[in-house]
Amino acid sequence: MSLDPINELAELFRRLPGIGPRQAKRFVYYLLNADPATVTKLTDLLGRLRSQVKQCPDCQIYFASDNKNERCITCRDTTRDHSLLMIMEKDVDLEPMRRAGVYSGYYFFLGGLVPILDKEPARRVRLAALLRLIESKNKELKEIIIALATNGEGENTVDYLRQSLKSLVEKYDLKLSLLGRGLSTNSELEYTDPETISYAFKNRG
Amino acid sequence: MSLDPINELAELFRRLPGIGPRQAKRFVYYLLNADPATVTKLTDLLGRLRSQVKQCPDCQIYFASDNKNERCITCRDTTRDHSLLMIMEKDVDLEPMRRAGVYSGYYFFLGGLVPILDKEPARRVRLAALLRLIESKNKELKEIIIALATNGEGENTVDYLRQSLKSLVEKYDLKLSLLGRGLSTNSELEYTDPETISYAFKNRG
Amino acid sequence: MSLDPINELAELFRRLPGIGPRQAKRFVYYLLNADPATVTKLTDLLGRLRSQVKQCPDCQIYFASDNKNERCITCRDTTRDHSLLMIMEKDVDLEPMRRAGVYSGYYFFLGGLVPILDKEPARRVRLAALLRLIESKNKELKEIIIALATNGEGENTVDYLRQSLKSLVEKYDLKLSLLGRGLSTNSELEYTDPETISYAFKNRG
Amino acid sequence: MSLDPINELAELFRRLPGIGPRQAKRFVYYLLNADPATVTKLTDLLGRLRSQVKQCPDCQIYFASDNKNERCITCRDTTRDHSLLMIMEKDVDLEPMRRAGVYSGYYFFLGGLVPILDKEPARRVRLAALLRLIESKNKELKEIIIALATNGEGENTVDYLRQSLKSLVEKYDLKLSLLGRGLSTNSELEYTDPETISYAFKNRG
């Protein structure tokens, strides 16, 4: 049993996404050499993370709450387009969609994707919360837009959502759409995969 | 004036696309150490390149000719869809489109793109040959599909083609389409540029 | 003034070496989604970092202390070679030297390098502690080995150390040496810089 | 059997070091679109490569010959240091050594390295020519410097040369040396392999 806080902290930093053993160690030495106020502030913020950050009961995004608001800034905004709901994987996917400036509806964050052949897909995504949100919005909702990664896990998740949402989609006569496929910006034909070319040809216009 | 064939040949190899001075030199030493038959074959093939390779008068692709055929294998194939003409930049763009297996019409190869603010765009692309081909196909042709790179030069070339083809498009009531834009295969929303997201949203379905 | 702990924490994570804004944000979301015990453990370890980690008064390395030992494990080991002192830049440089298994003397960690043209070099490195350590070891010490990066900052620091240690080196008749320069493992001559080749030629044997 | 010069030429270009199928094809299209004078010049230079480039009978380097000189410019230069002979792998290794400006003796180019466990090492390197050169230089020669890559093949070749040169080295009382090992320029200790650190420590000074 190692009681060494240097190595214990490095082990913990290694769990952060994309961090290897060497960089984890460098984080520890950075903190050892840092101004004590930095470490105090970090400890303080980690403590406040749980108490001051809430998860929106509608879209499931994490947001800083002043305790007056139960729901996130987007879900609180009643001026958005109530006919549209976009399903995304994770909180950080929101920013690129916001920057594109084309979407004015509401969101839902799945919290993950369903790996191919996964036996318990319901544990990977927030399906119950999604069904609940759709039910609560059913009067005005017209279209659900699935906006997931166009890789194997993303496509598997699309299949899972199609099945899981089938009865609600039929019950409320909703349109279920996917983000369009085709050539992304700065593509060159010579280096483009056949699947993307097929979509680009079918979606020409 | 250097008459050194080692350096002269290295200089010539440097003009090949993507080759720097070091690799150019390595090519020369590779040939110096190679079986003499390899160099002889290379010299022979370079000689035959001009005499045995023709440029198709219709689509402008280079193809190996046995002197019996004036036109390339695609343009000779009368069973393809005569209502479609796809405009591509260069010969090597053909292969990915072929592999996608979705297009059955004819092609035209521009031979280049028009850089932004270029003063003599007509010198960059084979416009005269394109206009001639469209005229010759006008009875059956219904749609011209522009399949160019989705970067600045590609989009500038699209603008140039729209203007240049305008009168023919109107005269023969042709549809002018572009390959569809959207998420390419293996995109993740988090890392996707706003322009691609905008197209993906608009082209959802 | 943003009181949002998500963004505040991401800002703090950005100060960690090698972390950009996007990865900093992913750290925050990782922690938001993590088991609460992980965040508690992280907060706890950060608190203990200051109280349970000491800086060795001899070599200046950070080490986990059980409060019985004032000095680090290497400096406490009286069986090492007292005639040798190796000067390194930072704590993480120790491990590669240990793995090499060739050095059996003591260490000193400068805590930084002196940038070229820096006006206050004494603020960059722990010079006072180094001079004090050499004085305290003067009876047995015979050689000081400078083991720093072979780049501009490293070489500038070598110059600074030569000047700063000059009087002590003369007073106690010490040898001042540098790690040897030459071809590192897996070098190919074709891609080796002239300076390294010069050293490799001079140090041939 | 494909008689297509486009594909045949692409196949031949693929044999060039570092060239894949896609780049090979791009070379062919570059030449098809190039000024005819470029192809003619290339064909011409390839023809002259064999007739105007000779291999120096002493050091084995390839050099452009005007038919007046049998030997290369370095071997013809009688003012160099006759006591030194440096063994390198290949012609392109000469330039970095020249740029370093520290060596004034003669060279020998092995033409390759001996892979580990290779059963016919004599076919990999120009051993007979090396032995002949050493014999011819024996009166003034004092040191043979092996300057090969510091990887597995290079070290295996050093072993092979030590054995193969043993009797000559003893007969003429020659020194057999290797380029020095240690930290190359721009090394950081943290990222340096144990073998290099061991050499750097032993070769300190």
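The letters A, B, C and D name the chains in turn, as written, and every chain counts its residues from 1.
We adopt the following convention: a residue touches a chain if its C-beta (ideal position, glycine included) is under 8 Å from a C-beta of that chain, and two chains touch if they have at least 3 such contacts.
Because the structure is a prediction, the values reported are computed rather than measured.
Engineer: From the C-alpha centres, identify the chain that is farthest from chain B.
Structural biologist: C
Engineer: If you fit chain B onto chain C using only Cα atoms, how far does it have to rotate, to the nearest 5°?
Structural biologist: 180
Engineer: List the centre-to-centre spacing of chain A and chain D in whole Å, with centres computed as mean CA coordinates.
Structural biologist: Those two chain centres are 55 Å apart.
Engineer: Just the number, please: Cα centre separation of chain A and chain B in whole Å.
Structural biologist: Computed from C-alpha means, the inter-chain centre distance equals 39 Å.
Engineer: Can you list the residues of chain A that touch 2 or more other chains?
Structural biologist: Counting only residues that touch two or more other chains, chain A contributes 22, 90, 92, 190.
Engineer: For this structure, enumerate the chain pairs that meet the touch criterion.
Structural biologist: Contacting pairs: A-B, A-C, B-D, C-D.
Engineer: Quick check: in the complex, which residue numbers of chain C touch chain A?
Structural biologist: Contacts found on chain C: 3-9, 12, 15-18, 22-23, 25-34, 36, 38-39, 41-43, 45-50, 52-53, 62-64, 66, 90-92, 111.
Engineer: Can you list the chain A residues touching chain B in their complex?
Structural biologist: 88-90, 92-93, 96-97, 99-103, 145, 147-151, 177-205
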